[in-house]
Each structure stands twice: as C-alpha cells, then as structure tokens.
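Each of the next two complexes has chain A plus one other chain: chain B in the first, chain C in the second.
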Partner chain A sequence: MFIHNVNPSIKAITIILSVLLLALVFDPITPFLFIIWIWFLTIGVAKINWKKYLLYFSPFLIFAVGMFWSNLIFANEPINPNAAITLFGRDFPTEDVNTALSLSLRILSFASLSLLFLLTTNIVHFILSLMQQCKFPPKLAYGILAGYRFSPMIKDELFLIRSAHRVRGVNRAKTLKEGFNQYKRFAVPLLASSIRKAERTAIAMESKGFTGSRDRTFYRQFTVTTKDWIFLLGMVAVLLILIIMSWQLGYFKWYNGEL
Partner chain B sequence: MKNWRLKEVIVMATLSVVFGVIYLAFLPIGGVLVGFMGPIGYEPIFGIWFIVSIIAAYIIRKPGAAFISETIAATIEFMLGNALGPILMLVGMIQGIGAEAVFAATRWKIYSLWVLMLAGMGSAVTSFIWGMFQNGYITFAPNYILAMFVIRLISGALIAGLIGKVLSDAVAKTGVLSSFALGKEYKKRKKAA
Partner chain C sequence: MSIPRIRVSQLKLFYEDDQKQPILDELNFELKDHENLLILGPSGCGKSTLTHCLNGLYPRELDGAMQGDISINGVSANNFASGELSLQVGVVFQDPETQFCMLTVADEVAFGLENKGIATTEMDVRIHEALGLVNMTAYKERVISTLSGGQKQKLALACILALEPEILVLDEPTANLDPKAAKEFIQTLDQLQQKKQFSLIVIEHQLDGWVSLIKRSIMMNTNGQIFFDGILHDGINQHRDRLEKLGIWIPRATKIALAIEKQGAYFFNTLPLTINELASYPISYNGLDKKKTVKADKRLLLKARDISWSKRNTSIIKQTNIDLYHGQFVAVLGANGSGKSSLSKLLAGIQKPSRGTIHLDDRPMKNWKEKDLRKKIGYVFQNPEHQFIADSVFDEVAFSLRLQEYSEREINNRVEKILNQCQLTGFDDYHPYTLSQGQKRRLSVATMIVDDQSLLILDEPTFGQDAHSTKQLLHLLVERYNQGTSIVMITHDMDIVHHYADRVLVMEKGHIVLDTTPEQLWNYPVGKLNQWQLELPKEVELKQLQQKDVGYVHT
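Then we have the complex of A and B:
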C-alpha cells in the first residue's frame, strides 16, 4: 500500500518529472527497461489486478503501433543509410527502426506511468492535496470537485434529451449536415442544463458560507512526509540509473539535431 | 481569480467537466484515425481539444478563462482515464496559454469570430511545439511535420474557433447565460433591435 499512500501532489510531480526526462531519450532500451520497472511497481508493489491492468493498457498498444509504422515510413533521411534491417520484406535503415521503436516504447512508458498514478490515487484526494500543498485556489478546487460530481449525470442527461427528441418525433440523422445539426441539438440543451446546475450549485455554496478564501480549515488533511520525498527521489534516481546504464552499454541516444 | 464571481468559477469548472468528457470521447475516434494514418490522424480533429478555452473565454470574458478552463478540462480528462495521466495537466496549460495569449493581445476586449479563430490557432501552435517534444515528432521528415502543423492550424481555427462560437451563441439564445458577459451582450442587442 506504499504507493497508494504517497501524497497525491508529490506523486503527480514525480510522474511529470519522469515523463519530461523520458522525452529526452531517443533509444529503445531505456524506455523498455523503465516500463518493466513501472510494471513491477504497479503489479508487484501496488498489487493492482493484472487483468484489469491489461484492459486499461491495451488501447495504448494501438497508438504505439501507429507511431511505429508511421515513423518508419515518414522518417527523416538517415545519417547512416547503409546499415539496414529487413522488416515485412522491406529494408529499413537501422537508425529509423531504432527511433521508431524508441518512440512507440516511449508512448507505452508514458501510459504505464499514468496508469500507476490513476490506479493508485483517489481523484478527490488529489484535488484536495493540490489545494493544500500546491496553493491551488479553493474557489477553483471546490468548483472542480462540484463539476466532477456532475460527470456521471452527463450520461443521464443525454438519455433524457434523446428521449425528449424521440417523443417529439425527431428523426435520426442520415446525411452529414443532419448529423452535425443533431450534435448541436444534443450539445445545446446539455450545455444549458449544466450551466443552470452550476449556477444553482454556486448559490448553494455561497448560502452555506463558502467565501473561497485561502484562510480555511480542512476536514481531510494532507501532508508531505519523508516517505513522499523518498518516492520522488527514488523514482527519478531509478530513471537516471537506467539512462546511465544504457549509456555505459552504448545504447543511450538522445536528440541530436535529427531535423 | 479575485475579481471572479463564484458563479463564474463554478460555471467554468462545469463547462470544463462537460468538455473533459467530450475530449475523452473523441480519443477513440482519434485512435482509429491514428491506427490508419499514423500520428497525422489526430490533426484533422485536433481542434476539438481546444474548444473549451474558446467557449469559456467567449462566455465569461475575463482574463484567465481560456487558460484555466483548458487546464481543468485536461485534468478531468485524465482523471476519467486518459492515457497521458498527470502530464495532461501540463498539456492543457500549454494549449490554454496559446489561446489566452491571443485574448491577451486584444486586452480581453474583442471577442469577434476572427479573434476566436486566432485563439484556436494559438492553441494549435503551442500544442504543436509541445507535441514535437513529447512525441518526438521532430524525427519525422520536415514536409510531414509541416503538413501536420498546417492541418492542426486549420482544425484549431474551424473546430475550436468557429464551432465554439456557434455553440456558445446557440446556448446564449436559450437565456441561461443572462448573468454572464455573453448573455448580457445578447440582451443589449435585443433591446437595440
């Protein structure tokens, strides 16, 4: 449960730092090793069910495959056009294959990082922690929390609007233009009703004495302790060690003027 | 944030939530396009991901509306399950800054169709610079990068700018915006007519 209990803001900062570091890497080995490390953390340490994990992870495979082949086909002129790897019966320069592999693994590593965050963090706690640790204005934070509570109602609202249209005999769209008008017919009442709901919520909040001042107390308090800093430093350290390791082995490559 | 009424903050947050859901719903559509066409598949519909900053700024007309609303929408999107996770907050900020810069250039006074379209393009520019870095687009051939950029600019202007304005105007006509800047403008226009 260690990862579950890390302060949400610190966890988010850790992940953003890791992503920024990973974006500098242009070789396939570093992101690959990092993905394995994140999977170990998610499934081994945080004890996330791996079936559930695979379900969340699978959409990113599609994007990664798309990234891989378009990088092969639309790659820039290679510096070393002679070294080639044969794939699907066609020769591709080794460099291009490496870059393509690296960029698609980068997408998968980003996905693993964000799943590590999403599957171990309560979103309400994250917003509360942003307000308490990152000086997020309370007006905005509680506004977001109120809005977040509305999100399940959007589906009900859509169903309601559709039924209302059916009752009045609105037909399904057949042409593209009708299709666009249909979107508008759904979007306008949806937006109007959410704006009304938001206004009512604002009035309710004000009538209960919410001023939005920063000088307030919290029922659920979040603090930053040593273990949070250990998590942040540990994650960045592992990534740096991986980068140094693949550098030592001669794999590491980062962006150098491939324009 | 000090000269904002609570009502405006909550309405902006709610709009962001609605569009956060819509942003998420458009991801699989982009995913299918990307599967067939590669990363350029996102570009024709990329403008949809800028739309809330245009709508919020057009309705509320206060400094920061474009930037903050886009950031919140991105936050909601990743909280509901977008791939990018917390980094998406940063992406939202970057997209929001592009639109906000255009509104700032008019000193938050002019909200004509042209300004809204330019704001959509502003988001396209900043988000593209970020995309080059994050997704390593920089390794593509220059022509391919240019094609992606031009399509994203057009999409930003049309989908975010034009459709954003049409939608907001349609919502203003229902009367729910009567206490916001856009609704007040509508009332004035009605009186004059």
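Then we have the complex of A and C:
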C-alpha cells in the first residue's frame, strides 16, 4: 500500500518528472527497463490486479504495436544498411528497428507511468492535496469535485431522455445528419437540467459558508513526509541508474526529434 | 424586550426581466428566539427568493433590485461579510440530489466545518454529533449517491446542524420525498427540537405533517404579498375558502371538514387540521362523492406473462403476470425500489423484458412497429422536460400528428382541442421550458394523448406539484378515463388512489404481491400496509377512527 499512501501531489510531480526525463532519452533499453520497474511497482508493490491492469493497458499496447510496425515499414533511409535484423522472416536495418522500438517503448513507458498514478490515487484526495500542497484555488477544486459527482447522473439522464424521445415517436437516427440533429435535441434538456443542477449546487455550497477563500481548514489533511520524498528521489534515481546503464551498454542517445 | 432573531421590513424585490411585477412585495415580519414559523404559499409566490434573501445570497447574487431591510439578531444583513450570514442562517433546500459537492457523507458534513474554519482535530467529534442528531451515524463512511432521497435530506440537515446556526430555514424540504420519508424527516426534526435550541422557518406549499410542529404561520399569495400572519389554525379558519384556490395544499382532514360543511351537515367554528381532531367531532361521514364510475368493460388490452427484467445482473422484475383491460384506472403502489417504474416501462414497451411475453391487443409486443405502438400507448415520464423536443407548445403537441402527415387544418383542430382540454389554450407560442411546473406536466400529458392512445402510463405525475395543478391534472386524467382511455399511474398519494383508481397493484421486491380494488386494500391490517410503505387515505382513517369510537362507547 506504500504507493497508495504517497502524497498525491508528490506522486503527480514524480510522474511528471519521470515523463520529462524519459522524453529526453531516445533508446530502447532505458524505457524497456523502466517499464519493467513500473510494472513491478504497480503489480508487485501496489498490488493492482493484473487482469484489470492488462485491460487498461491493452489500448496503449495496441497503439504501440501499430506504431512499431508502421515505423518499421515507413522508416527513413538507413545510414548503415548492412547491419540488419530478421523479423517475421524479413530483414530490417538495425537502426530502423531501434528507432521503432524506442518510439513504441516510449509510448508504453508513458502509459505505465500514467496508469501507476491513476490506479493508485483517489481523485478526490488528489484534488484535496492539490489545494493543500500546490495552492490550487478552492473555487476551482470544489467545482471540479461537484462536477465529478454529477458525471454518473448525467449519463443516467441521457439514457432517460433518449427513451423519453423514443416514446414521442422520434425515430432512431439512420443517417449522420439525423444523428447530429438527434444529439442536438438531447442537448437542450440535458443542458437545461445541468445548468439548473449546477446553480442549485452552487447555492447549497454557498449556504454552507463556502466563499472560495483559501482560508479554510481541512478534514482530510495531506502532508508531505519523508516517505514522499523517498518515493520521488527513489523514482528519479532508478531512472538515472537505468540511463547510465544503457549508456554503458552503448545504446544511449539523446532524443533528437525522431518520429 | 429582546431583539428578534430575524426582522424583515418593507422587503420588496424585483427581477431584472420584469421590473413592474415585484416577486416579493412589502414583506414585514419578525421571528423570535426559538420560534417555529411556517411560511405557506403556492409555487411561484417567491418563497425560494425569500430564502435566498434570508441567508445572504441576495442581494449579492441578484439580477434585479432589492429594497427594504433584513436584520439578523439586530444586525442588518448588509453588514455581514460574504459567507458569514449563511453560518447563522442555515438552509436545507428542496432537491436532495443537488445539495452536495463531496462523495462521502463524512466529507460532506466536513465541508461546512472547513468553510467555517473548525480545527481538523475537532471535526470528527462534530461530524459524529451532527449525524447523531439526525440518526445517520451508521452512514458516516457511505457514498452519498447510494443513499435514498430521505437519507440525503437528513444528511443535508446534518450538514447545516454541524454549523450550529441559530436559525434554520427549510425550503420545501419534503417536496421531493415519498410520504414515508417525508414523515420520517418531520419526525427527525421534531426530536431535534427537543435536543437543540434554534429558531425554525419552514417554507412550504403543503401543510400535512407540519401541523403538530408549528403553530405560527405566514401565508403568501402569488403576488408575493403576505395576506396572513398569525396562528396557523386561525389563518386556515379565516381563509378557508381561498387557500385551495391559491394553490396551497390544506391538510386532508381540513379538506374533508370543508366538504362536510359544504354538504351542510356540520359547521366547524375552528376547522380541524388533523384526522384525530376531526374524528372527535360528532359527525357522521359517509365519504365524499366519488368521481369514479366503474365500467364493466372486460376487453383485454394488454397481457403480460412471466415477464422478468434485470439490470446489471440484479433482477428487478421477477416473473410477473398482468392483464390490463380497456377502461381501467390502475394505481401501481409500493415502496421505492420495488420495481414500479421498471414494470411500467416494460408495459409501455420502452424496455424489453429479459424473459416472458407481452401481448398488446392479442399481438406480441415485438411484432408491433414502434410507430404503431406509440399510437396505442402513451408514457408520461417523471420529468416532463425530458420529453420535450420542439420549440413551442403548439409544435410540441403537433409533433406526432405531423409525423403521420395529417393536413395542417386537421392538425390545427386537434392541437387546439387537446390544448383546451389540458388548459393550455393561449400558450401556443410559448417555449415549453418557460411554462410553470404544472403547465409543463400537462403539456407532457397532452403530447401523449393527442393520438387518442388507448393506454396512458404515468410515472408519479403529481410529484412536487402544488394543489392547484394537481387538481387540474387529475381533472384531465378523469376526462380521458371517461372517454375510455385506460390509465396506469404510479403514485404515493393514497387519497388519489382512493378517489380515482378502480384497481391497485402493490409491488414488493419485483413482484406484484397484490392485485385488488382500493376498497379491499384498505381492509388489510396496518402492519401489512406499513410493510408495503402504504398508509390509509385520510377519509378511510377517519371512518376507522369513528368506528373505533362507536365500538368504544358501546362496550
């Protein structure tokens, strides 16, 4: 549970720092090793169910594989065409494979980092911590929280409106234009009720003495302790060690605008 | 002489879009320490506007002009910093869904404490205490969206109580609750008054339930003027003939008493407000005239066999059979979550049952084309706005006629007729969203009867409506019923059931547990009725009380 309990703001900063560092690097080894490290943290340390993890991870995986393949096929003219690797019964220049691999592993490393954050962080706690550690304005923060509460309600309401319109004899949209018009019709009642709800909620919040001022206390207090700094420094340190390792192995390259 | 908690003097308020017609007109009143006050008025009389004035939201957030003065504890409301006044005057609003901004119960109660700047270490005790006051301690860690409407309203009350305001304002707190939850809420408040000291203002359009709690009342009319300020009993006595016309729900017991007076059987010097009071009078009462005409039409309209329906793996309707006949007025009753709405949607063909078959006019539902089905069955949703698709009242009603390509003249005739029937004549060019609640409701019914549908299904159509619009709506339904339309109505209002329905279906946990007439339903033991969350209609209650008295005298 260590990762769950890291201060959400520090966790976010750590993730952003790691992403920035990774963005500077361009070789296949660093992100590959880093992904393994993140997976170890997510599944091994944070104990996220691996089936659930795979489900969230799969879209990124598909995207990365596609990226890899298209980069291989549509690669730039290689500088050193003689060094080749055989893949799927076909020869590809080594540097092309390296570039493609680096690019797709980059995507996967960013994805794993984001998932590590999302799967171990309570969004409400994150926003509360942003207010307490990062001077995020309460007006915005509580607005987002109230909106977050509304989102499932809006989904239910959309479903209701759709059946209510069906009863009125509105046909199911067949063409794109009809579909567009239909959504326009859904939008009016949905907007009307959302605005009304938002207004009522705002009034109710003000009636509980909310003024948006930063001068407030917190029921759930988030503090930054040594363990949070250990997490931040540890993550950066691991990444730096991996970069040095790949440098020693001779793979390391600065990112130079490759696509 | 002590300073009044609240003093409102010469309060006059205009909105920007209509500067001639004031929303509140020359209001003057005072509220003493520990006093309970009931402000009665029809919807649209400016009650909610008054609430906003009292807790300091207006004039700060007002698009318009406000004259006169409000002082709280002798200090003018203008002298309070923003947010400060709302800590002294706590408000609970009508809609249980939109009073919260956090996800869990504890966080929500804490929200107000945080605003007030209570130390973190003190909060847990305060939260516990506030939840204890409304008997919700067990729900401290619950997610708010999993609570029932009644629990949400109690939570809203707890949030305000945690701030320890000296004045509590409740703005139609029970209007969106079913009768059982409403009763519970008022009981909670009653217990609360014995534990804690505060002044209380309840703003309402209905009286039932509040009578025992509150003695003093202010009555307002639709022009935002006060026409009575004094003892509730006296007000009702004085204005007995006007209240209903003004759209104020008078207690059912009083209504019965008025009917008795009308029959010339007895004259009440002071009108009774509760059934027990009424039962103590030496009157013999045989029930109001029923508008019901029982028709012996036994043609089958809809037949459902073994229908089940489940949502996200929870089965909601379980193997249910129903036969609906032409010309019936059916009331569907039962506790919240017993499957009433789901069943009605299955019958209307809006949802498909996961198992079982439904026949309409001897033809399986699935063989009906959607277009033809809608000409047979109308369905009125709980929120009328959901059903609106056009930009004017006329187009709204004409919509389905135009789909069927009637001539413009024919459309004109039929729309005018329907609008007339729904008392919406003259509103042709209005945008549906600009209508009042009652008008919106009638318009949504209008769109569902324009094709002369033989079955009309309504999901709690009287919910949240004031006395006047409820009456108009029921009048409209009875008219359709007399023309041969079958009506299936989900409702919590037992008096409507008693007066209008000729058949009741009681639902419990996805089953129809009882299919009978209202008269027979009232004969069930009270324990059984409570289990289904039903209560006796006041008329029946009165009769039973009188019979008990007679029995008592004889033994």
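The definition used in the following text is that the second predicted complex is superposed on the first by the 233 of 259 C-alpha atoms of A that agree within 3 Å, B and C clash if a C-alpha of one lies under 4 Å from a C-alpha of the other, contacts with A are read in each partner's own complex, and residues count from 1 in each chain.
What we mean here is this: contacts are C-beta pairs under 8 Å (C-beta built on N, C-alpha and C of every residue); 3 or more make two chains touch, one makes a residue touch a chain.
All of these numbers come straight from a predicted model, not from anything done at the bench.
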item	value
Touched partner set for A:192, first chain B, second chain C, both or neither	both
First (chain B), second (chain C), both or neither touched by A:206	both
Touched partner set for A:146, first chain B, second chain C, both or neither	both
Partner chain(s) touched by A:169 [first = chain B, second = chain C, both, neither]	second
Chain B versus chain C as contact partner of A:26, first or second or both or neither	first
Partner chain(s) touched by A:161 [first = chain B, second = chain C, both, neither]	second
Partner chain in contact with A:216 - chain B first, chain C second, else both or neither	second
Greater residue coverage of chain A in the superposed arrangement, chain B or chain C	B
Overlapping contact positions on chain A, where the chain C interface meets the chain B interface	146, 148, 188-189, 192, 197, 201, 203, 205-206, 210
Touch list for chain C against partner chain A, complex	52, 55, 57, 82-84, 86-87, 90-91, 93, 95, 97-103, 106-107, 110-120, 123, 127, 144-145, 156, 159-160, 163, 345, 348, 350-351, 370-371, 374, 378-379, 381, 383, 385-389, 399-400, 403, 433, 447-448
Residue ranges of chain A touching chain B (in the complex, touch as defined)	11-12, 15-16, 19, 23, 26, 56, 59-60, 62-63, 65-67, 69-71, 73-77, 99, 102-103, 106-107, 110-111, 113-115, 117-118, 123, 126, 137, 139-140, 143-144, 146-148, 150-151, 154, 184, 187-192, 194-199, 201-203, 205-206, 210, 212, 255, 258-259
Touch list for chain A against partner chain C, complex	124, 142, 145-146, 148-149, 152-153, 157, 160-161, 163-171, 185, 188-189, 192-193, 197, 200-201, 203-211, 213, 215-221
Of all residues in chain B, those that touch chain A in their complex	1, 4-7, 9-18, 20-21, 28, 31, 34-41, 68, 72, 75-76, 78-90, 133-136, 138-142, 144, 166-167, 170-171, 174, 176-177, 179
